[in-house]
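Shared between the two complexes below is chain A, which pairs with chain B and chain C, respectively.
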Partner chain A sequence: MRRVIALAVLILASVPLMYAVAQLPPIGSVQNPTYTHVVPRYLAEGHEEAGAENIVTAVILNYRGFDTDGEVTVIFTALMSVFAVLLMPRLADKKREEGLPAVPVSPVTYFVVRTLAPFIVMFAIANIAYGHAAPGGGFQGGTIIGALLIATSLVMGSERVGRLLPESIRPWLQPAAVLMFSIVGIAGMFLLGEYLSYPVHGPYVFLRTPFLTLIEIGIALGGAAIVASIFWTMEGSEG
Partner chain B sequence: MKALWVNIDYVASVILFLIGLYAIMAKDNLVKKLMGLNIIETAVFAFVMASGIVDGGDAPILGAGARPPFANPLPQGLILTGIVVALSHTALALSLIIRIYEQYGTIESDDLWGVE
Partner chain C sequence: MIRVFDVLLYSLLIACALAVIRTKDLLAAAIIFSTYSLIMCLVWQLRGAPDVAMTEAAVGAGVTTVLFLVTVSRTTRRER
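For the complex of A and B:
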């Protein structure tokens, strides 16, 4: 019965959606409204104005920098909420001993993950370091490192992998993205008068690309630490 | 019909959206409901990304050898933000589901109606 109602709702919902889709301008045209508003300026002047060859990086870190600043705050808040929901009730419990992974891992998986790990790290670092000039960036590189930490935790046990990121430095890495945004934002405030402003010309123009790179590194470190910490926190729970 | 065929990418997003909506409405398991929500998000991401496609467009990376037309960088930046927010709320929702399981021993929403 519930399925029938659900299907009826879906059919009802699909009619206006399909009708709207049929009215939209065709995909792929350069006359599309999405392509004629601010984008021509980004593409024409983004390289000079924002200091990044990759226009996506220029958009997220410079033109829409406040947006991204808020976003790294969101993901940091999410980590804090996961801690609050999962960790706090457990602080009273005695510390659970964690050793090897609970499910035995096939030697093939173990070998493949361990062999590929260095190359995955290299790829992630390349992503971070060239994010302003090539596809990639801090979020992508950081998530790759986080995913790698999760994959190695699955085959080697979180205990061993967690040692890469000791408990004592985790609280400094998890808010790295937010902190780096604040540092660069406040530096911009002192040098140029406004929070998160980038030098376009004048004596500080050489700082523009370093600013972007600093934020990218902060986002990458913070992203990797947060993704891995979320996994480790959830893994420690029974279920 | 022809208008739908021209925008087949948008149509695919709509179908994906409806699949996610069905999962949210018809499934009892909270994890499956959350998966449905994630499918809906993917549909929205695909929709916005499709709006940024440019025929024959290159990646919007300027520098030596780059020549127009470029793909639209704005949807890509927006969706990058959106993916991170989706990750954040998925993590929070999963941790809440873990707590519900620890507390009540079930994550079936129809079983949860009766518990106190």
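For the complex of A and C:
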């Protein structure tokens, strides 16, 4: 009986969805709203207006800056939620686990991770530094560094890798993206009158690239710290 | 030729998605899901979205897989 009801609900729900799909404009047509609404302006003037050659970066940091500001807040909130669920009971009894991996690591894995690590860091830094001109950026570079911190934690133990991010600076790195957005946003407010506005022309135009770079670096540091912290917290929590 | 590759990738995606749902072994499910992300990463790249492909590789195939594995190791390996 339940199967019949489930099937009926599925069919009923799929009818309007299929109807909506049938109404969609043809794929790839140049008349589509996706190609006629804001995209022509982004493509024609994005380089001049937003100050980034990579159009994705221009959209993420400038045209859709408020969205990104909200997104980094969401990511930071995710970390806070992990802390709230996993860290609070642990702080109560102050029990700390040994940082060494429970299963001995194969020497091959150890060697490969240790050998590749500097190259991965280089790749991530290049990603962050050239994010305005090439694919990649703060989000990508940051998560790559975060993933590398996790990989090295797996082979070397969280204690040793965790020392790279000392407890004293960790609380400043984790909200780095949110803080940097606030700093740049409020700076824009003082200089130009609106939160998170970038100078396009006028006396402050030289500040545009530093603003974009600061936000990229903030997103990268925050992303790396958050990804690694979520892993360390989950790993350290009692089963 | 690129069409053949497309069809191959999408078939693998669907196969991975079905396998993740069907398998009862959560460790296997996490690893299949990481394969799914890796294929998805190739699809993004083929569709001309290298920014998203990079994020998918780092977050989808890398970080979330590790977080799933940590969760499995902290809880239980069999689905109930």
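We take it that the second predicted complex is superposed on the first by the 204 of 239 C-alpha atoms of A that agree within 3 Å, B and C clash if a C-alpha of one lies under 4 Å from a C-alpha of the other, contacts with A are read in each partner's own complex, and residues count from 1 in each chain.
FYI, a residue touches a chain if its C-beta (ideal position, glycine included) is under 8 Å from a C-beta of that chain, and two chains touch if they have at least 3 such contacts.
What you see is a predicted model; the values in this text were computed from it and never measured.
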Original post:
Touching A:V155, do we find chain B (first), chain C (second), both, or neither?
Top reply: neither
**OP:** May I ask you to decide whether A:I144 touches chain B, chain C, both, or neither, giving the answer as first, second, both or neither?
**Re:** second
**OP:** Using the touch definition from the top, say if A:L207 reaches chain B (first), chain C (second), both or neither.
**Re:** neither
Original post:
Just chain B (first), just chain C (second), both, or neither: which does A:A220 touch?
Top reply: neither
**OP:** Considering only the touch criterion stated at the top, classify A:P135 as touching first (chain B), second (chain C), both, or neither.
**Re:** both
**OP:** Would you mind checking which one, chain B or chain C, touches more residues on chain A?
**Re:** B
Original post:
For A:N127, is the partner it touches chain B (first), chain C (second), both, or none of the two (neither)?
Top reply: second
**OP:** Tell me which partner A:L196 touches in the superposition: chain B (first), chain C (second), both or neither.
**Re:** neither
Original post:
Can A:A50 be said to touch chain B (first), chain C (second), both, or neither?
Top reply: neither
**OP:** Scan A:I230 for contacts with chain B and chain C and give back first, second, both or neither.
**Re:** both
Subject >> Common ground on chain A, meaning residues reached by chain C in one complex and by chain B in the other >> reply: 54, 56, 135, 137, 139, 227, 230, 234, 237, 239
Subject >> chain C-facing residues of chain A, complex >> reply: 54, 56, 127, 135-137, 139-140, 143-144, 146-147, 150-151, 154, 227, 230-231, 234-235, 237, 239
Original post:
In the complex formed with chain A, which residues of chain C make contact?
Top reply: 50-51, 54-55, 58-59, 62-63, 66-67, 70-71, 73-75
Original post:
Hey, which residues of chain A end up touching chain B in the complex?
Top reply: 2-3, 5-7, 9-10, 13-14, 17-18, 21-24, 26-30, 32, 34-35, 38-39, 42-43, 46-47, 53-56, 58-60, 64, 67-68, 71-72, 74-75, 77-79, 81-82, 85-86, 89, 133-135, 137, 139, 223, 227, 230, 233-234, 237-239
**OP:** Report the residues of chain B in contact with chain A in the complex, numbered from low to high.
**Re:** 3-4, 6-7, 9-11, 14, 17-18, 21-22, 25-26, 50-55, 59-63, 68-70, 72-78, 80-81, 83-85, 87-89, 91-92, 94-96, 98-99, 101-102
